[in-house]
Amino acid sequence: MNSFGRLFRLTTFGESHGPAVGAVVDGCPAGVALAGAAIQAALDRRRPGQSALTSARRETDQVEILSGIYEGRTLGTPIAAFVRNRDARPADYDTVTPHDRPGHADAVWRERYKHRDPRGGGRTSGRETVGRVIGGAVAEALLARELPSATIVGWVSSVGAIAAAEPPAALRRADVDRHPTRCPDEAVADAMAAAIIDAKSRGDSLGGSVDLRIGGLPVGLGEPVFGKLKARLADAAAGVGTVSGVTWGPANLPEALRVPGSVFHRSASSYGGIQGGLSNGEPICLRVFLKPPATLGEAALSGRHDPCILPRVVPVLEAMVSLVLADLWLQWRAYPHQG
Amino acid sequence: MNSFGRLFRLTTFGESHGPAVGAVVDGCPAGVALAGAAIQAALDRRRPGQSALTSARRETDQVEILSGIYEGRTLGTPIAAFVRNRDARPADYDTVTPHDRPGHADAVWRERYKHRDPRGGGRTSGRETVGRVIGGAVAEALLARELPSATIVGWVSSVGAIAAAEPPAALRRADVDRHPTRCPDEAVADAMAAAIIDAKSRGDSLGGSVDLRIGGLPVGLGEPVFGKLKARLADAAAGVGTVSGVTWGPANLPEALRVPGSVFHRSASSYGGIQGGLSNGEPICLRVFLKPPATLGEAALSGRHDPCILPRVVPVLEAMVSLVLADLWLQWRAYPHQG
Amino acid sequence: MNSFGRLFRLTTFGESHGPAVGAVVDGCPAGVALAGAAIQAALDRRRPGQSALTSARRETDQVEILSGIYEGRTLGTPIAAFVRNRDARPADYDTVTPHDRPGHADAVWRERYKHRDPRGGGRTSGRETVGRVIGGAVAEALLARELPSATIVGWVSSVGAIAAAEPPAALRRADVDRHPTRCPDEAVADAMAAAIIDAKSRGDSLGGSVDLRIGGLPVGLGEPVFGKLKARLADAAAGVGTVSGVTWGPANLPEALRVPGSVFHRSASSYGGIQGGLSNGEPICLRVFLKPPATLGEAALSGRHDPCILPRVVPVLEAMVSLVLADLWLQWRAYPHQG
Amino acid sequence: MNSFGRLFRLTTFGESHGPAVGAVVDGCPAGVALAGAAIQAALDRRRPGQSALTSARRETDQVEILSGIYEGRTLGTPIAAFVRNRDARPADYDTVTPHDRPGHADAVWRERYKHRDPRGGGRTSGRETVGRVIGGAVAEALLARELPSATIVGWVSSVGAIAAAEPPAALRRADVDRHPTRCPDEAVADAMAAAIIDAKSRGDSLGGSVDLRIGGLPVGLGEPVFGKLKARLADAAAGVGTVSGVTWGPANLPEALRVPGSVFHRSASSYGGIQGGLSNGEPICLRVFLKPPATLGEAALSGRHDPCILPRVVPVLEAMVSLVLADLWLQWRAYPHQG
């Protein structure tokens, strides 16, 4: 299904080369301050064509809001919004579509649906994330009112073998957005950019990792059994296209387990903000690993694909986290917490 | 909430030191061959007290089936089953319960529910997994009839810094169960056992990783957007107590990203059996990282806690995977796949 | 599926002649005062064998609670409870089970599940309502704390062609329970009882109606589109075995539409407490029509079936209404109602 | 929430006087023949301004499809479609909006959402049913392929005190649509039309009933406990604005219970096509009672409101029934029916 969340529920729709992509957000309370400009700004952060590092496609991505907002506030009714696919240019994709694109899900998709959407990967395209970013913008508007202490900041922590140092605790999104790699460690960011441009010139692509720091949560968000906060975050992150792993708690956990002679010890900070499935009030650190994008070789050289998807994934992952938090916040409100 | 799955839905209940723990499975089709003995056998695999490596608690865990099975076949109605908590011995826990147990979720739980269940961690206890194993046994009975090619085999791939070699492709559960560590690499398994016994003697505990190999799936299982097969598996694994990370695709993914000078490349096998959110017919490899259990020091020395939870987590993770597959299989059946 | 509700969710299990019938309630907040005796008292109200008017079966129906309650308060965890089927006496049913029982769902059930549960109708039996009454008792405990003004009172408003007068506004359950027919209009109740005994002597059975008055609700409970309060109540009532119609608003609505020369007018009270899908603070009146039970003739004479199910349906319908209100109340809490 | 259905799920959005109303259908299988013209034709049947009996508003209601359909077939992805609110003319409503409109949910809505959508009743407006009709058109396309024997035909069976005779078994929608009242009993239909025009001239409005005949279902559709076919239909019908009662089985059930001296007997046909919550293969008869629309007096005289909503409710109820059947059909497919 194409819905995410229980009480704060996002449904996305749209094929990458159909008329439009968009979303319906159901379950946002009434009276939340939300301007169309905030949704537009969120979309602008995920859009390609922002630098030499990303796809040359120019998706202007002007959002149109059909319902649920009136005079800058939510009505408590479903918020429907969409973006027309103006820059479809199917000709560009013609070189790859006659056959299944290597590394793409085309063959699997055809087996499942007994057709292959000739329009650029259909729903598996990264363009589907436009709907997620719309949903995330609504979720953040709700969190801004209900949980103003909450912060969600993601950044590119590694590209290929190049890893950034741990950023300062006070890191904000503006700091991250300053560099086109979305890596706040400037020296490392320049090296990453060089590696991405080099890979692009060779028709190659690069994977890496995105770290997300989630702060300012109240104690007790999440569920103790199924729906643990860590399971909701893992599900949210794993639902993004090229994600191939998620760890939480101390960012360096899997590596630590390998260092010869060391025994991984739990310490005050080793719970990574989540205990028994619930937030414990400390910051949460989520590390998300991403495979290199699949389009390669000639197609990558000629086409309009990203040689490294990481910088553009940052706002998508932030949106997914905000959707989880908005949903768990409403769930938290539902249950009276008295003895 | 305490339910898992949409069409094949498990609900677990029971506090670790209340009268019983158990489960209701709703959505299992009628006529599936399922003996109570199969559920019992599954429970026997997760039970502690099987070797020096696990807790000394003796949980006989005799399952009682209340509904849904008649003359060795499912009725198509909810299957309710439970296990009484015979070996509660609350006195043993008295040393830890007056205060919040360090490293446990007691403080978080109290903040959320405005009470702390004095009965051994309540629902956050590993004992809740009895219900999951019951559910997994029902799911495996369904898969045995509907998807007989499907195989789910988990094993302990690392303990602390000790890592096993990749096991042969033909690995079966019986091979894994032969060693109390549930590591099929015998030489490494002995080293793991020694490390666990050593940690136990020092009141310490060890984390590590469990690998799961899922084979024999049809092409197209899963959902393309939300509910991707990888997201469902990540959610399933992350819902288990001490799990702190999940990766899929080539087992060594996160490490590969770090090796200086290497660029992580995608290859034929790098999709790890999942493309565009759907199974592609190849084996899936899931690696699950686990933190060391929290109970430490004096409590660990005197109490009945596991110094290394990994061997006992294997059947729990296998159960979670089988629940995901049973649910996705029914969902797959629901949608006519014709052009 | 066998679950009811979204945030306050009841799952029932058990075949009428299997080992037990019961329920799991998931989503009841922690700290709600709830004694096992309250659940037992609710079950006692639905039990047959209470008078000459109902089945002679003696179901002692002793509830056993497996989880979720500790020292008279809910833990916030799933509440599992069941009743053993002590008085199964399958021999009694032998006269009817070799063939499909006329008027029963046996043939339909067999077509659906490719088997007929030989144990007395399986899940379609009225005995499944034991689980609903358990759920209703938990829901009422929650409402008692959270919405103490809420009242739910049902009574038998007609049996066959015999109709009761509108009872006084102050009607309480104790008033209803005084007469074995559960009709508070005493003169009419005696006539109903005579009609039921007469029908029984002829191996016949009687339908009729139950009215439910729901008072003390806050303004705004329900949902404006799907999940309207009236739709939730209709769904809840229609899910009970022999129910064949539901009306709400002024109790006499359908008849009024028929009276020659009259035009049904809306008036202050004609909304019946629900407007735009939401409660408007006024009392709600729900009228539920029931078909005569299906077991007839010889089987009815010899067996242990109810010639008129109406008195025993009253607590079941009250339970269903309380489940709807508990669920909508949690949903109401979830959404901040500010401008 | 604004979603309906589990596997075949409709989400509607849009305020009556916002930019648009529409729907997303999630869960329709791929490859179903569905032309935009079929959706448009369904919308044309519900649109006002078709005769002197309905509102003078001219809603051209041109549907725009954003996703999920390609070259006349569904893609298996969400189908998003909407209709712009071209004929909003807010001035017309100005006479009623400054104050709460008598009989409308305005006061309740304001209490719930702490605002009153000044745009004509927001989501409680009958205009929200545009989304339902879009969903119904998709559901009918699925049923046409999967259950071609299924038929759903509704008609106006009474207006005020004027009741139609039982129509012939072969009744088709075209027969119903021939008369602007959507009553197939022509003599009675003319009397109904006269009564409606008379009521309109007095600023009055009329209620009545719609009957729905559902045929050609396989045995076993529905669920035995919660989600009974009759409960799903009751929920579907009760979710429509002015519906105030639903009965099923023999159409004249509630009246029969009242006829002095008669005892309502069950007979071969008295199950009305549903037994034990499941379809039994016989036709189902659903009778839906509707209150007179709330807008009255001066507002009704000047405004653009329907004096009798019944003819326009017929296609909306048919849509709701088709949504239930499509959803239950997918659910039916999900569960293997073997012994």
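Observations on the model:
For reference, chains read A, B, C and D in written order, and residue numbers begin at 1 within each chain.
Quick note on the criterion: contacts are C-beta pairs under 8 Å (C-beta built on N, C-alpha and C of every residue); 3 or more make two chains touch, one makes a residue touch a chain.
The shown structure was predicted, so the numbers you read here are calculated from the model rather than taken from an experiment.
Shared contacts of chain B and chain C, meaning chains that touch the two of them, come down to A, D. Path length between chain B and chain D in the chain contact graph, taken as the least number of steps between touching chains: 1.
Chain C and chain D have CA centres that are 27 Å apart. Computed from the mean C-alpha positions, the centre of chain A lies at a distance of 39 Å from the centre of chain D. Separating the centre of chain A from that of chain C, both taken as means of CA atoms, is a distance of 47 Å.
Within chain D, contacts with two or more other chains are made by residues 1-3, 12, 27, 30-31, 76-77, 112-115, 122-123, 224, 337-339.
By the touch rule above, chain D contacts chain A in their complex via residues 1-3, 9, 11-15, 18-22, 24, 26-27, 30-31, 65-68, 70, 73, 75-80, 82, 112-115, 117, 119, 122-123.
Residue ranges on chain B touching chain D, taken from their complex, read 6-7, 27, 29-31, 76-77, 146, 224, 330-331, 333-339.
Those residues of chain B lying in contact with chain A across their complex are 1-4, 12, 103-105, 107-109, 111-115, 121-124, 128, 158, 160-161, 163, 199, 204-209, 219-220, 223-228, 230-239, 243-249, 253-255, 257-266, 270-272, 275-280, 287, 289, 291-292, 294, 296, 337-339.
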